[in-house]
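These notes open a run of structures that come right after.
The two complexes that follow have chain A in common; it is paired with chain B in the first and with chain C in the second.
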Partner chain A sequence: MTEQIIFYLLAAVITLAALGVVLLPTLMHSALCLGLCLAGVAGIFASLGSDFIFAAQILVYVGGIAVLILFVVLLAGSASGRITRQINAQWLPALLLCGLFGWAFLKIVAHFSFGLAPQSAPEPTVRALAGLMLGDYAVPFELISIVLLASMTGAVLFGRRKAE
Partner chain B sequence: MTTEETILTKISEPVFNHANGRLLMPEERYWPSRKWKSPWSLPAYRSGAALLAGILSGAVLAAWLIGEIPLRLAPLYSLAEQYALSYGVPLFLFHLAWTVIKAALLLAVPLVNALFAVWWERKVSAHIQSRLGPMYVGRFQGCLQTVADGLKLFLKEDIVPDCADKLVHLLAPVVVVIPAILVFAPVPFGRELIYADLDIGTVYVFAVGGVSVMGIIMAGWASGNKFSLLGGLRSAAQLVSYELPRTFAVIPIIMLAGTLNISAIAGLQAGYWGGILPRWFIFYPVVGQVAFIVFLIASVAETNRVPFDIPEAESELVAGFNTEYSGMKFALFFLSEFAYVLLSCLLMAAFFFGGGEPPLPFLGFLPSWAWFLAKTLTLMFCFLWFRWTFPRFRVDRLMDFNWKFLLPVSLLNIAAAGLLIWLIS
Partner chain C sequence: MTLSHYLALSGVLFAIGLFGVLTRRNVIGILMSIELMLNAANINFVAFNRFLYPGRYEGHLTVIFIITLAAAEVVVGLALVMAIYKNLKSVYVEDYNILKG
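Up next is the complex of A and B:
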């Protein structure tokens, strides 16, 4: 019962914030709504009892990515306060397409019927996660880190060339 | 006129003292005081030292008498539980009430800390600059000055600038202060004196503490003022940058301890090498000291305090992101700043100084919370001391120092920790 109330509250926060991201006229408000939306997703993780994913979500998405986006918005200066329309003439086809995708997702979820995760007291998951990442899935994990490193180096390289 | 009296400044006219609303009597017309022949005389110093010794020994006696707080509270808890059961109160309601009480106690930590730390900071700064600082409110050394300041802030008009974004301007202090309170949940204050013993305590603290940056950016942008905007920008850049070495400095400790639980890390440092040197992580050769220094520097930067107070540099930016805030909204920013100072000191005490473990074996008669508090306050004094000692960094040097020095050092330190673990095992 309590879990369901928490879930629906969080779901409402996430949905409204996500709508805010795409509908609010000011760039800064959209960026702030994105932060709220990501924090809501972290709340869902916490209510499902996966503590490490919750903390990682807050650390990486709310404290990292949302803050970087806000930073970029601040750097944009006066453009950040300008009121712009976020919707153009093609809104009806886009809405229909989104509806189609939503319906498809519902069908897929209903077909595989994951069900809700079993509710129990949250157990520490860090050790198990570490065992998986650096044990069974060590190669994919390292590959991902190489991809990230390469993209980071590439970003630095492009940034440098532009400055010269 | 003796030589002593020439040192004192004699106030020629009876002066109306606005601080306590009365005329200074002729015998009080000497400043700092006529109690001593000279403010720098030996008896004056002796009296000050005696006062400090008295306060310290009183605190030691009180801590010894109180003992371990969980031991004192356990009978109280079971008594309350029995009482509730005998009146037919449902058990979940009782647990809910207990959680609320615990949360209220936790909420009191940053509030009381701000009351104390602001007064302490003013006294420390005053004595570093050969002043006296607050002296009137509360009779003893102006100890109620912060309470008076808080009342003043309560009564101040709440001003919202015309070109501000009203909603974001209102929400910014809230977004800053809520993580500053939430972040204390997994932090221990002594052995078993903890609100929520989270297994991922370390990650939680860094994650939730990082959310406050959003509030600072919001404050900078929503004020509709170029100084605030610049302050918010600088602050975001600085906090995001210094977050990295700060987190990396803790990784060697996590590697050595093998857990993310803060109270477990503190508890692992019990015991002594050779019966004398405590097994604190700061005494691990090279790795411990480097990690501590990097963490200390990055923590000072994270709390926007002086050598790194670029975001609110008075001489350049008026007051940075909190220029346009008045009354309680400003007080909330202030509160969260001191909450983060306290948090950094608590974390350093837990990670590097053995938490509640006594520094020498025969000092174990004092309870763990007293040691934790003593270490935290000593580290906090360092924070206050830095503020009145170092000049401010320049913006570009601040970033250079972080990216070109602190970050590589903290990364090398992780490798060194790996080497140390390999050597030990």
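Up next is the complex of A and C:
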């Protein structure tokens, strides 16, 4: 019973915050809603018993990406968000497309009846994940660090002033 | 809680993010909506791993890779937005119609 209450509370928080991200006219409010939504997704990870992903989500998304987006909103934002229209003219076809997608997705989920309950209690995942990262998946793991280094270099390159 | 609940939640989140990508005029808003869609995919990965393959952790590993790539994507994207904003003084995508800044 407690599990149901927690899940539906988290689902409500995630859905409302995501709607806030998409629909609120002021970009600052959208960014704050994004942080709330990402924290809700971290709660979903915790309820699924994946402890390391929960910590990584809080650290990287809520503590890193949401704060980074807030900084850019403060740097590049303007007060015009309240006056000018924030949604483009194609909102009706987009709404139809997204409604169609959501309806089809829910029909597929219902059709395959993934109504199974978890078969075992969740276990700590950190040790097994470390074994995978340094064992079978060592090469993708190193490739990811190269991608991070390249993106950091690219960000510095784009962000610096032009040498004239 | 069954697998269907988590899948339905992620489907709703993905649809909301898709709507944001399609309709937002502000480029920072589009980046935020992309983050929503990536998070919906992450919920799917963890839920399938938990319910269908207990005792294996490849799904979790994929989610860690996705989180890392999302961080890299957002860093480069925001740096580009700042660079364009310095030249064009606009954050609306319909003003971004030239490649040469």
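The rule we apply is simple: the second predicted complex is superposed on the first by the 136 of 164 C-alpha atoms of A that agree within 3 Å, B and C clash if a C-alpha of one lies under 4 Å from a C-alpha of the other, contacts with A are read in each partner's own complex, and residues count from 1 in each chain.
Definition applied: a contact is a pair of C-beta atoms (placed from the backbone, for glycine too) under 8 Å apart; a residue touches a chain by one contact, two chains touch by 3 or more.
These numbers come from a predicted model, not from an experiment.
On the shared subunit chain A, the superposed partners chain B and chain C are arranged side by side without overlap.
Of the two partner chains placed around the shared chain by superposition, chain C is the only one that A:Ile14 touches, whereas chain B remains out of contact. Of the two partner chains, chain B is the only one that A:Leu32 touches; chain C does not reach it.
Touched residues of chain A, counted separately for chain B and chain C, are more numerous for C. By the document's definition of touching, both partners, chain B and chain C, reach A:Phe52.
With both structures placed on the common chain, the touch criterion links A:Gly63 to chain B but leaves chain C unconnected.
In the superposition on chain A, A:Val139 makes contact with neither chain B nor chain C.
When both complexes are overlaid on chain A, the residue A:Leu75 reaches chain B and chain C alike. Of the two partner chains placed by superposition, A:Met1 touches none, neither chain B nor chain C. Touch criterion met: A:Met152 reaches chain C, while chain B stays clear of it. Touch criterion not met for A:Ile83: it reaches neither chain B nor chain C.
Superposition on chain A places chain B within reach of chain C only down to 14 Å, the least C-alpha distance between them. Residues 52, 56, 64, 68, 73, 75, 81 of chain A contact both chain B in one complex and chain C in the other. Within the complex formed with chain C, the residues of chain A that make contact are 3-4, 7, 11, 14-15, 18-19, 21-22, 27, 30-31, 34, 37-38, 41, 44-45, 47-50, 52-53, 56-57, 60-61, 64-65, 68-69, 72-73, 75-78, 81, 84-88, 90-91, 94-95, 97-99, 101-102, 105-106, 109-110, 113-120, 122-123, 125, 128-129, 132-133, 137, 140, 144, 147-148, 150-152, 154-156, 158-159.
Chain C meets chain A in the complex at residues 1-9, 11-20, 22-26, 28-29, 31-33, 35-36, 39, 42-43, 46-47, 49-51, 54-55, 57-58, 60-61, 63-65, 67-76, 78-83, 85, 91-92, 94. Residues 165, 168, 198-200, 203-204, 206-208, 210-211, 213-214, 217-218, 220-221, 224, 229, 232-233, 236-237, 240, 243, 260 of chain B are the ones touching chain A in the complex. Per the touch definition, chain A reaches chain B in the complex via residues 26, 28-29, 32, 35, 39, 51-52, 55-56, 58-59, 62-64, 66-68, 70-71, 73-75, 80-81, 124, 126.
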